[in-house]
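The structure is given below, and queries will be raised subsequently.
By letter and in written order, the chains are A, B, C and D; residue numbering begins at 1 in each of them.
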Amino acid sequence: MAEIRIQGVRKSYTKGTWVIHGVDVSIGDGEFIVIVGPSGCGKSTLLRMIAGLETITAGEISIGGKIVNDVEPKDRNIAMVFQNYALYPHMSVYDNMSYGLRIRGFSKADIETRVQRAAKILELGPFLARKPRELSGGQRQRVAMGRAIVREPAAFLFDEPLSNLDAKLRVQMRLEIQKLHRELGTTSIFVTHDQVEAMTLANRMIVMNAGVVEQVGAPMAVYDAPASLFVAGFIGSPAMNFLPGSVRDGRVDVGGGHLIALPRPLLEHAPAQVTVGIRPEHLVACAEGDDAFTFPVETIEALGADSMVHGKVGATPLVARVEGHAAPAIGSTARFALMPERLHFFDTVTGKRLAA
Amino acid sequence: MTRISLQATLVACALAATGAQAQTEIQLWHSMTGALGDKVNDFSNRFNQSQSQYKVVPVYKGSYPESMTAAIAAYRAGNAPHILQVFEVGTATMMAAKGAVVPVYKLMKDADEPFDPKAYMPAVAGYYTDYKGNMLSFPFNSSTPVFYVNKDAYKKAGLDPAKAPKTWKEFAVAADKLKSAGQACVYTTGWPSWVHVENFSAWHNLPIGTKENGVAGMDSQFTINSPQHVRHITMLADYAKKGWFTYAGRRNEAEAKFFSGECAMLTSSSAAQANIRRNAKFEFSVNFLPYHDDIKGAPQNSIIGGASFWVMGGKTNNAYKGVAKFMGFLSKPDLQAEWHTSTGYVPITLAAAEQVRKTDYYKKNPGTDVAIRQLTNKAPTPNSKGLRFGNYVQGREVIEEEIEGVLAGKKGAQQAMDDAVRRGNEILRKFEAANK
Amino acid sequence: MVENRPVLVFLRHAVLLAGVACVAFPLWVTFVASTLTLEQILTVPMPLVPGDQFWANYSQVLTAGSTRGAAAPVGQMMANSLVMALAIALGKIAISLVSAFAIVYFRFPLRNFFFWMIFVTLMLPVEVRIIPTFKVVSDLGILNSYLGLTLPLIASATATFLFRQFFMTIPDELAEAARIDGAGPMRFFWDVVVPLSKTSMAALFVIQFIYGWNQYLWPLLITTDESMYTVVIGIKRMIVGGDALTEWNLVMATAMLALLPPAAVVILMQKWFVKGLVETEK
Amino acid sequence: MEKRVVFRSSWLPYLLVAPQIAITVVFFFWPAFQAIHWSFLIQDAFGNSSQFVWFQNFQDLIRDEAYLDSFKVTAVFSTLVTFIGLAVALVLAVAADKVIKGAMAYKTLLIWPYAVASAVAGVLFAFLFAPSVGIVSFALRAMGVDWNWVLRGDQAMLLVVIASVWKQISYNFLFFLAGLQSIPKSLIEAAAIDGATPVRRFWTIVFPLLSPTTFFLLVVNIVHAFFDTFGVIDATTQGGPAGATQILVYKVYYDGVKAADLGSSSAQSVILMVIVIALTVVQFRFIERKVQY
C-alpha cells in the first residue's frame, strides 16, 4: 500500500516536443485513480512512467515515499495489467501467475498459497492448468489480474484492461474490479479512454488531453463542474451541447433567436465570446407557452428508456434527452426549459470554465 | 579412405602413440581409381615392407584436377603432400612453381640415389625433362592414344578385319563402307585435343607451339592453326557431317560407345585397353593412329598422356631421402614390367620394356605393345618429344571448345583454330606474366 | 469454387497427375537403376521395373562404396552429411536467434551498423566469394574438418531476419510484463522468447537442414580427404571415374540414399517446411 | 518498425551479436575484400609470386569473348529456367488450388524435389540423358531426334534447364498455391456473377492479384538460376560443350579452382557481387513497396 506522488513530470521522445507537459498529482494510499482521456493524450505514457517502462524526462515520481525515477520496474513494487493481457502464451495459468514470484525466489509453498488465494478471489481455480489460448477473453483478463494480485504489490497499474472485451463482459469486469478493490484496498491507477469506466470506477479521476491534465477530481464533481470545454465534452454521454455565442447586455446570443442570461457572478468579467454548455439530460421538455428554448426536430433516436431529440439552434446541432415515449414528432418544434443552475459557461477562446 | 591407407594411418598412429621409433611418413596423393588405385597401394606396401625407415601413405584425392587443386591449396596452407601425382597438362604449372617443387634429378642427386635419365624411355622422359635435359618429375603412368577397331563390325561391313586403316584416306574408305552397312556410329574419339591436336601434331612432326612446344621457353606461341591442322579439323567436321564421326565428349566417354558396339572405331588412350577387353563382346584390334600420308615425315612418334609424380618443396631432408628411395624402387624393371602388363600403361624404363618384350606377353595379348611401338616409332624431334604450355588445363579446354564449335557447325575450322591460337596465347602470356 | 463442371475437374486432375508423373519419373528411374546390375543398365534401353540387386547394391555402397570411383563407403558420407546438416541448421538457429534478439530488444551504438552488416551478407552467396573464402578457411587450418564444412555457412541473414520479423510480432507488453515480473533480458529470452520461437525454429530447421545436406560447391572445395566427403559430393566423385566406367547402379543407389533423408524431412515435416519456406522468404 | 520495449545493457547486446558478426566478418567480409584485392593481382597457382596489375584482369575479361558468352549463356539460362519454371508451376498450382479431393497428396508428391540437392538432380538427369545408356536419350533417338548434348550446345542447355526447372518447380508451386489461396473467394465469385468465364477470371482477376507473388518468384528464380544451379551444371555438362552452358558462377569456379587463375576468377567474383547487389536492391525495393501497400 502506498501513496504515489507525481511532481512536474514531463516526457519527450524527441527534443523539444513534449508528449506530457508537466503533471502534478498525488495519489493517496488505497485510492482508485482513473486516468481518462482520448487516445494519444499521454495517459498510457504517464502510467508507463509510473511503472518504469518509460524513462522520465523531467520531474519526479515517488512510490511509498521513495523516488523511483531510476528504479527498475521490478523493484518498484507495482503490478501491471495490460490491455492485451500480455499473458505468456506458452505457460499455463498457474505458471503465468507465479512467474514473477518464481523469479523473485519465493518458496514453492508460498507461491502455491498465493496463487491459490488469488485464484479463489478471481474464481480461476478450474483453469490453473490451462494455457491462455484455451480461455475466454474475460478469463484471460482475470488471469492478468491474478498475476498482479499474487505479487501483493504496493500499487496496481491498469492499462486499458477492459477495452479488448465485448460490451457485456466489460460491464461485468468493471464490477469485479470494483469489488476487488474494495476487498484488497490496494492503490490502483487505471487508464482508460472510456468515460463510463472512469465515472464508475474512480475515487478520483484525472482527465488528460494532449499531454496536459485538464482536471482532477471525484467523478461527480467533474461531471457537475467540468473545468474546460474539453472535459465537459468528454465526460457525459451523449456529450454536452455547446452553444457558442457572443455576450451582449449580460446575455449570450447563441443564435436562432435564443439569448441565455449569464449568472450574476459572471457578469462583470465575462469575455466577449462565451460558449454555453447544456447537457442533453438537462433540457427538460415543457409545454407550449412557457418561456422555452425551441428548435425544430430533425431526427429522433429511440433508445428505449430514453429518446434523443436532435435539432439545430442556428447552425449548432443540439441533442436533448427525453423520456422514451415523450419524443416529439419529427418536423415539429421541440420546446425545452433551461435550468439556470445546470448551465455551464466557458470562455470560447481559452476553453476554460468561467467561474465566479 | 581406402582400407589399406586407413590401416596405414592406424599403424602410423599406433606407432606415434607408443612412441616407438617412428618411421618417416611420406604422403602420396594420387588420382588412381579402382584396380589402378589398388596397384598404387600394393606398390607402396611393398616399398614399406622392403625397408623400415620410411612409410609411404598413398591417398586418393579425387580426379587429376581435383587432386592438383587440393595440393595447391594445401601448399598454400602449408601442408602439401611429399609426392603429388599431376596429369600431363599440369606439367608446366608445376615446373614454373619454383620453390613449390623439388626437381627429381636434384632430389636423387642430393639423396645419392642412383639415377640415370637415359634409362627412361625418351618419349616418356622427354615430356618431363627441362631444356637442359634434367628430369623434373618422375613419370609414373603414361599412355598414348591408339586406334581401336571393331573387327566384327568390319566383317559385317565386308571389310578385312585384319587390315585396319593406316591412313586417313584408308579410314575414309572403311568409314564409308561401315556407314553403308548400317553402323549406327562409325568412329568416335576420347580426349579430342590430346588425340586430334597434340598427338596429331607430334605424329605428323608438326609443332604445336613455338619454342619446341614450349619446352624451350615460356614465351611460346601456339601454332595449331597451320594449314595441316586446319585441314585435319575440317576433315573431322566433314566426317561428322557425313555421319562417320560421332563426338562423345572431352574425356573418355567415347570408350563406352566403342565397347558397347555402338561405334566401330575409336581413338583413345592405350590405357583403356583393359576396360575395353573386359566389356567388349566382340573382337577388336589395337592399331597405330591413322596419319595423312601426304604430310612429310608422318608418321613420326606419338606423345604421352597420363601423369607423373612431383616432389613438393618444404619437407625435411630425411623425408626427401625416403622419397628418392621410393622413386628408385618404382623404377625397378620388375615393378615397371608388372605395372605395364597389369594396367596397360607403358613401361617408363627401357629395361622394363625390354624385359616384357622378352616374354611372350605381347604374343598372348596382341595390341598391348602398340603404344610403346608408336611412342618409339622414330626418335623424338622437338615437335614430338612433348609439350609444355602454361595453364594448359585452360589451354586445352579452349582448344576443345573451338573444336566443338567446328563440329557443331558454328564456325569454320580456320576461324576456330585461329581463335584457339589467339585465346591460347592469351593464356600463355598471362601465365608468363604470373610466373616472371 | 464457383462452378464444378466435371470436365474441369477431370482436366485439373489430369494436369496434376501429369505433373506428378514428370516430377517422379527421374526418381523412379533412379530407384529402378539402383536395383539392377550394371550390365542390365548398359543394355539400352534399361528395364523400367525394379530388379533384384537392391540389397547387393545398397549394402555395397553403404559399406564399401564404388569399386571403381572414389572408394569411400557411403555410410560414412551419410554420417558426414548428417553432421554437416545438423550443425548448420542448429548453428544457424542459435546464432541468428541471439543476434536477432539483440537487434530487436536492445538499443545500442552500432546497432544499425551490425544490422546492415548482416543484411549485406544476403547479397553475397557463397558461390560469389568462393575462392577467397576457401583461402580464409585454409589459412585457419580447418580444411577437411567439420568446422570448415559448417562455420562459413552458419552465418545467415535469412535466419536472422526471420527471427527479427517474428520478434516484432511478439507483443511489447509481454516484455513489459516480464520486466515488471522481474525478468532480466536473458531470463526473458530463455523463458519467453525461446519457447515462443519454437515453431519458427522448427520451420527454419527444416529449411536449413535441407540447405546443409545439399551443399555441394563448398564441401567439394574444402574436403579432399575421403573420410570427410559428404554424400552429395561422393556421388559426383563416383561419376568422374577416370579411366573406369561409371557404375551407374551404385551411383543411383547412392543418389537414392542422398536424396532420401532431406526428402523425408520435407514430407514428414511438411507443415514446418511450407511455413519455413514462406517465412524465410518474406 | 521498432520495439517499444528495450532492455538496457552496455555489454550484453554486443555479446549476443558477437558470434554472428564474427562469422560474418571472417567468412563474408574478409573474403569479399580479399576478392577485390586479388582482382587487381596476377598470381601464379602456388601463390609464390604476384604482381599488382590495376584493372588488367577486368580489361582482359571485357575483351574475352568466352566471358561475354558466359554472360549471354547466363541470361538465356536464367530466363528459360525462370519462365518455364514459373509457367509450369503456375499451371500446377491453379489446378491444385481448385482440387478438393487429394489436394494434400498432390502437394506432397509435388514438393519433394525441393529436397534434392542440385548436384544430385544433375546426376539423375545426367543419367536419364546419358548419351549412350540414358533412357531418355534412347527414347529421343528412337523418335528420330539427333540427341547429342556433349556436342550440341542447345541440347546441353535444354538439359540443364530441364534439370534446374525440375528442381525449382516445387518451390514455385508452393508459393503460387499460397498466393492463390490468399485471394478472397468473394472476388472470384463476384466475377463469376458478373459473367466472366474461368479463363477470363484467371487473367483479369487471379493473375493480377498474384503479381506480388509472381514478382517475388521472378527474383528468387533468377537468383536460383544464377547460383543454385552450379551443382546441376557441374554434374552434367560442366559448362560445355564449347561453353554453351558455362554460366558466370561456373566460370568463376572453373577459372579459380581448376585453371588456378585467381586474378581473373576474383575479378569475375567482383563483377558477380555487383550484379547480386543490384538484384538485391531490386528485390529490397520491391519488398519496401509491398510493405507500404
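Note that a contact is a pair of C-beta atoms (placed from the backbone, for glycine too) under 8 Å apart; a residue touches a chain by one contact, two chains touch by 3 or more.
Quantities reported herein were computed from a predicted structural model and do not represent experimental measurements.
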Those chains which touch subunit B and also touch subunit A: C
Smallest number of contact steps required from subunit A to reach subunit D: 2
Farthest chain relative to subunit B (centres taken as mean CA coordinates): A
Two chains sharing the most C-beta contacts: C-D
Distance between chain centroids, defined by C-alpha means - subunit B, subunit C (Å): 39
Between subunit A and subunit C, centroid-to-centroid distance (C-alpha), Å: 57
Separation of mean Cα positions, subunit D and subunit C [Å, integer]: 16
Set of subunit D residues in contact with two or more other chains: 5, 132-133, 257
Contacts with 2+ other chains: residues of subunit B: 69, 76, 256, 260
Multi-partner residues of subunit C (at least 2 other chains): 42, 44, 135, 176, 179, 221
Interchain pairs in contact, sorted by label: A-C, B-C, B-D, C-D
Interface residues, subunit A side, partner subunit C - complex: 48, 51-53, 72-74, 78-80, 82-90, 99-100, 103-104, 147
List of subunit C residues in touch with subunit B within their complex: 42, 44, 67-72, 134-135, 138-139, 141, 143, 221, 224-227, 237, 240-245
Touching residues (chain side subunit C, partner subunit D) in the complex: 1-3, 8-9, 11-13, 15-16, 19-20, 22-24, 26-27, 29-30, 33, 41-42, 44-46, 48, 94-96, 98-99, 101-108, 111, 114, 117-118, 120-125, 127-133, 135-137, 140, 151-152, 154-155, 160, 167-168, 172, 175-176, 179, 184-186, 188, 210, 213-217, 220-221, 232-233, 235-236, 239, 248, 251-252, 255, 258-259, 262-263, 265-267, 270, 273-274, 277-278, 281
Contacting residues of subunit B [partner subunit C, same complex]: 1-2, 31-34, 36-37, 59-64, 66-67, 69-70, 73-74, 76-77, 252, 255-256, 260, 269, 271-272, 275, 279
Footprint of subunit C on subunit D - complex, ascending: 1, 3-10, 12-14, 16-17, 19-21, 23-32, 34-35, 38, 88, 91-92, 95-96, 98-100, 102, 106-121, 123-128, 130, 132-133, 135, 138-139, 166, 169-171, 174-175, 178, 188-189, 192, 198, 216, 220, 223, 227, 230-231, 234-235, 249, 252-253, 256-257, 262, 265-266, 269, 272-273, 276-277, 280
